[in-house]
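After this come two complexes, each holding chain A, first together with chain B and then together with chain C.
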Partner chain A sequence: MQVNSSNETNYIVFIIAALVVLILLVGFILYFVVSYRSKQKDYQLLEDQKKKIDEQKHILEKTLEELRATQQQLIHAEKMASLGELTAGIAHEIQNPLNFVTNFSELSTELISEMKTAVEHHELNEVLSLADDLALNMEKINFHGQRAGSIVKGMLQHSRSGTPQKELSDVNRLVDEYVRLSYHGMRAKDKTFNASYDLNLDPEIQPFPIIPQEIGRVILNLVTNAFFSVNEKRKRTFENYQPLVKISTQKKEQEVIITIEDNGEGISDENASKIFQPFFTTKPSGQGTGLGLSISYEIITQGHQGKIELNNHLNQGGTSFTISLPL
Partner chain B sequence: MKILVVDDETDIKTLFEQRFRKEIKEGIMRFDFAYSGEEAIQYMQRNNHEAVLILSDINMPGMSGLELLEKIKKEQYVPPPVVMIITAYGDEETKHKAESLGADDFLTKPLNFASLKDKLKSNFI
Partner chain C sequence: MAHLIEYISGSIFKEIYYYSLLLSSIFILFFIKKVQRPSLIISGIVIFSMLHNWIILGLILNGVLESNKAVYHFTTFIEFILFFLFYRNSITSYYGKLWVLAGGVIYFAFQLINSFLIQHFSYYNSNGIIIEETILVFYALLFFSEIRQHVFYDNLFKEGFFWFNTMVLVFNSFQVFIWGFQGFLQTPLWWFDISKILSAIMYLVFAFAVYLDYLSNLSKSNNAG
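Now for the complex of A and B:
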């Protein structure tokens, strides 16, 4: 009886143990299944997120690419707009030297004819005098031909796209050329335009490496703005106002300073903080792209590691910009 | 009669002095030069009561040729100077403006010196 009872107890213990093992086994299986499914879900979620991130990255890259293309288009559009503004000035600046080439060459033909007569009459002094005049004329023809050529070269450089290189350049010549272009451009565009300009160029400045077409663009932008400002003030002022733009260059130790100063309308403090921002303009609609000064800022600070500063003289009237270019 | 040439291009002096070398040598014509409208006004003040023929460019820094013309015609100099306007822009609008301001003649660049010589001679006869 005792044996039977012991067997029965063992059997029950065995059954209980088997049940416990089974429960544990099922529990483990369930845990693994649930854990696996959860991991699968997490994995899927991560995959989805990665996909979304990839899609967003692609969109951002595309947008950035489009932005870069638009920026290039805008820079090009601004170049073309300023080239358009220059056209009248260029026409005048090329026409003038060409007129001299025409007149001096016609004159030389006449002088040769006179020289032949003088030779026939054995008038040696007259022949020598005519030869001197002819030599001078040839110099003038050459000078004015080169003058016209340099305007065309500058115009082509101005509109050229791509990445221009620094080259040894005469900043005084560049300032003189672009001030004249701006002045004659304004004059040809607006018959009522009237202003004086004063150039004070430091002869001590030797050619130094700059990107001439880019510095030319900066000068053109600043000088055209100055002429625009003094002309606007002239239209509104009835008193004895003399519109004047002063442009100077100066060598200072390891830098060259270019100053463009006007006695125009000045810039309000509110606008002064925004003038180098793209698309900011106070000019009437259609008269400014709002990109001139922001591009000028980039050319000076990034392209030439220089500085460009606005010195507002609103109280006294007028504005001045100072550009520092390292030598 | 004195001829005053007003132009900001300084080579205009060489051009005129060579072109009219005979007339200058023979004392038929005398040329003076001013390189801005302001200089021309000063010249006129110095040469008041003298017969002056002015040949002026339009496009010059500062006072333009048209402003110079207006000022000179307003001043009523005696004898009144003859003013010929020379310009690279031969457009009708500018020509009408010059005429309305009292310009005696309107010439375009490049100058036709044969024609200019005839015009100048006719003013001396």
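Now for the complex of A and C:
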């Protein structure tokens, strides 16, 4: 009787224990399936988001590519626009050497004719003297021809697209050349333009590696802006106002400083913070692309690891830009 | 063969167990050529179980073998190697593989000690089987954790490896429970019949798992084509 009772208890305990194991197993598997599905949903959501992000990334990359292409086109357009501004200055600059070439070649023709007469009269000394003059003329023709050639070369460099390389260049010569181009350009464009400029170039500066056509563009931009500003002020001022643009270069220990200063209208504080932004311009519609200063900023800071700063003299009138180029 | 059939026919539970094993093995043979490596291992487990169960029974009934006690020392060992290979192949994470390896090392070391020093080959390999089943429960839980962590499958119920692992967990958990229970109280005899049915279900599910893998491969190759 006792054995039977013990067996029954044993069975009951066994069945309860087996049921507990069964419930635990079923519970675990159910929990696993439910949590797996929930995680699968999260995972799917994550996958969808990743897919969307990838799509957006692709679109953004494409847009960025298009923007870069547009930027390149704009830079080129800006180059062409400034080239247009330069045309008058260039014409003036080329006209001078061409005049020399024409005059000296005419003079040379006369000298040859005189030489022929001297040869006919067997005046050897006269022939030799005329030959010396002729050689001198030829040298001058060659000099002015090369001068015209270098202006054309500069113009071609200015308009060329692609990645230019740094080369040893004389900054003073570059400043002088582009200031004159700008000045004559302004004069040719606006017959009423009247301003003077003062060049103060440091003779201590030796040629150092820069990208000449790019630095030329920066100088051209800043000087043209300065001339524009003083000319605008002159138009509005009836007092005894002397429009003046001062351009100077200075050698310091590890850098060369180029300063372009004007006594024009100045820039308001509000505008001063925006002037290096692309497409920002205070010039009347159609007279500026708004890219000149932003491209100048890029050329100096990224292309030459230099600095470009604006010092606003609004109270005294005018502004000055300081460019630092590391040696 | 006549002895064998006669012996099996003596109990419905034996019939279910032996014929399920045979049926599962034959079923698997139809698909074995077009399944992944883990499914080949599952096929190996089923076919090996069928062969050793039938052959040993035949040898005992024909008087060639006195008992199956010594044989279980080897068959458990080989069976564990097959399970070990399955989990080693299917678990992909570094730590998961490390745990599988650790389980394997524990089992192999214990089985050798048990076979040579504790139970010897003249006794039934109960210690080896308990350790094997405990480690298989651990492997199954590890694989579930891995499946959940990496969200391996699109549809869990269409995945053969999910069913295989579920069955490994259920069957071995009950087996561990029985062995554990027997340490304290006597397990009712009818439970061993239930255990045979559970075992038969396990092999049928294993065969079903191989079939699901075959279907999955077939649809993949159709999509690729």
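Observations, loosely collected:
Methods note: the second predicted complex is superposed on the first by the 253 of 327 C-alpha atoms of A that agree within 3 Å, B and C clash if a C-alpha of one lies under 4 Å from a C-alpha of the other, contacts with A are read in each partner's own complex, and residues count from 1 in each chain.
Please note the rule applied: contacts are C-beta pairs under 8 Å (C-beta built on N, C-alpha and C of every residue); 3 or more make two chains touch, one makes a residue touch a chain.
None of the values given here were measured: they were computed from a predicted structure.
Of the two partner chains placed by superposition, only chain B is touched by A:Y183; chain C is not. Considering which of chain B and chain C touches more of chain A, the answer is B. After overlaying the two complexes on the shared chain, residue contacts for A:V13 are found with chain C alone; chain B is out of touch.
When the two complexes are overlaid on their common chain A, residue A:F104 makes contact with chain B while staying clear of chain C.
Once the two complexes are laid over each other on the shared chain, residue contacts for A:D133 go to chain B alone; chain C is not touched. Within the superposed three-chain model, A:Y197 lies in touch with chain B and out of touch with chain C [touch as defined at top].
If you check the complex, the residues on chain A that touch chain C are 10-11, 13-14, 17-18, 21, 25, 28-29, 32-33, 35-37, 39-40, 43.
Within the complex formed with chain A, the chain B residues making contact are 9, 11, 14-15, 18-19, 21, 59, 61-64, 67, 88-89, 93-94, 97, 109-111, 113.
Those residues of chain A lying in contact with chain B across their complex are 92, 95-96, 98-100, 102-104, 106-107, 111, 133, 136-137, 140, 144, 183-184, 187-188, 191, 194-197.
Of all residues in chain C, only 144, 147-148, 151, 154, 156, 166, 169-170, 173-174, 177, 181, 185-188, 191 touch chain A in the complex they form.
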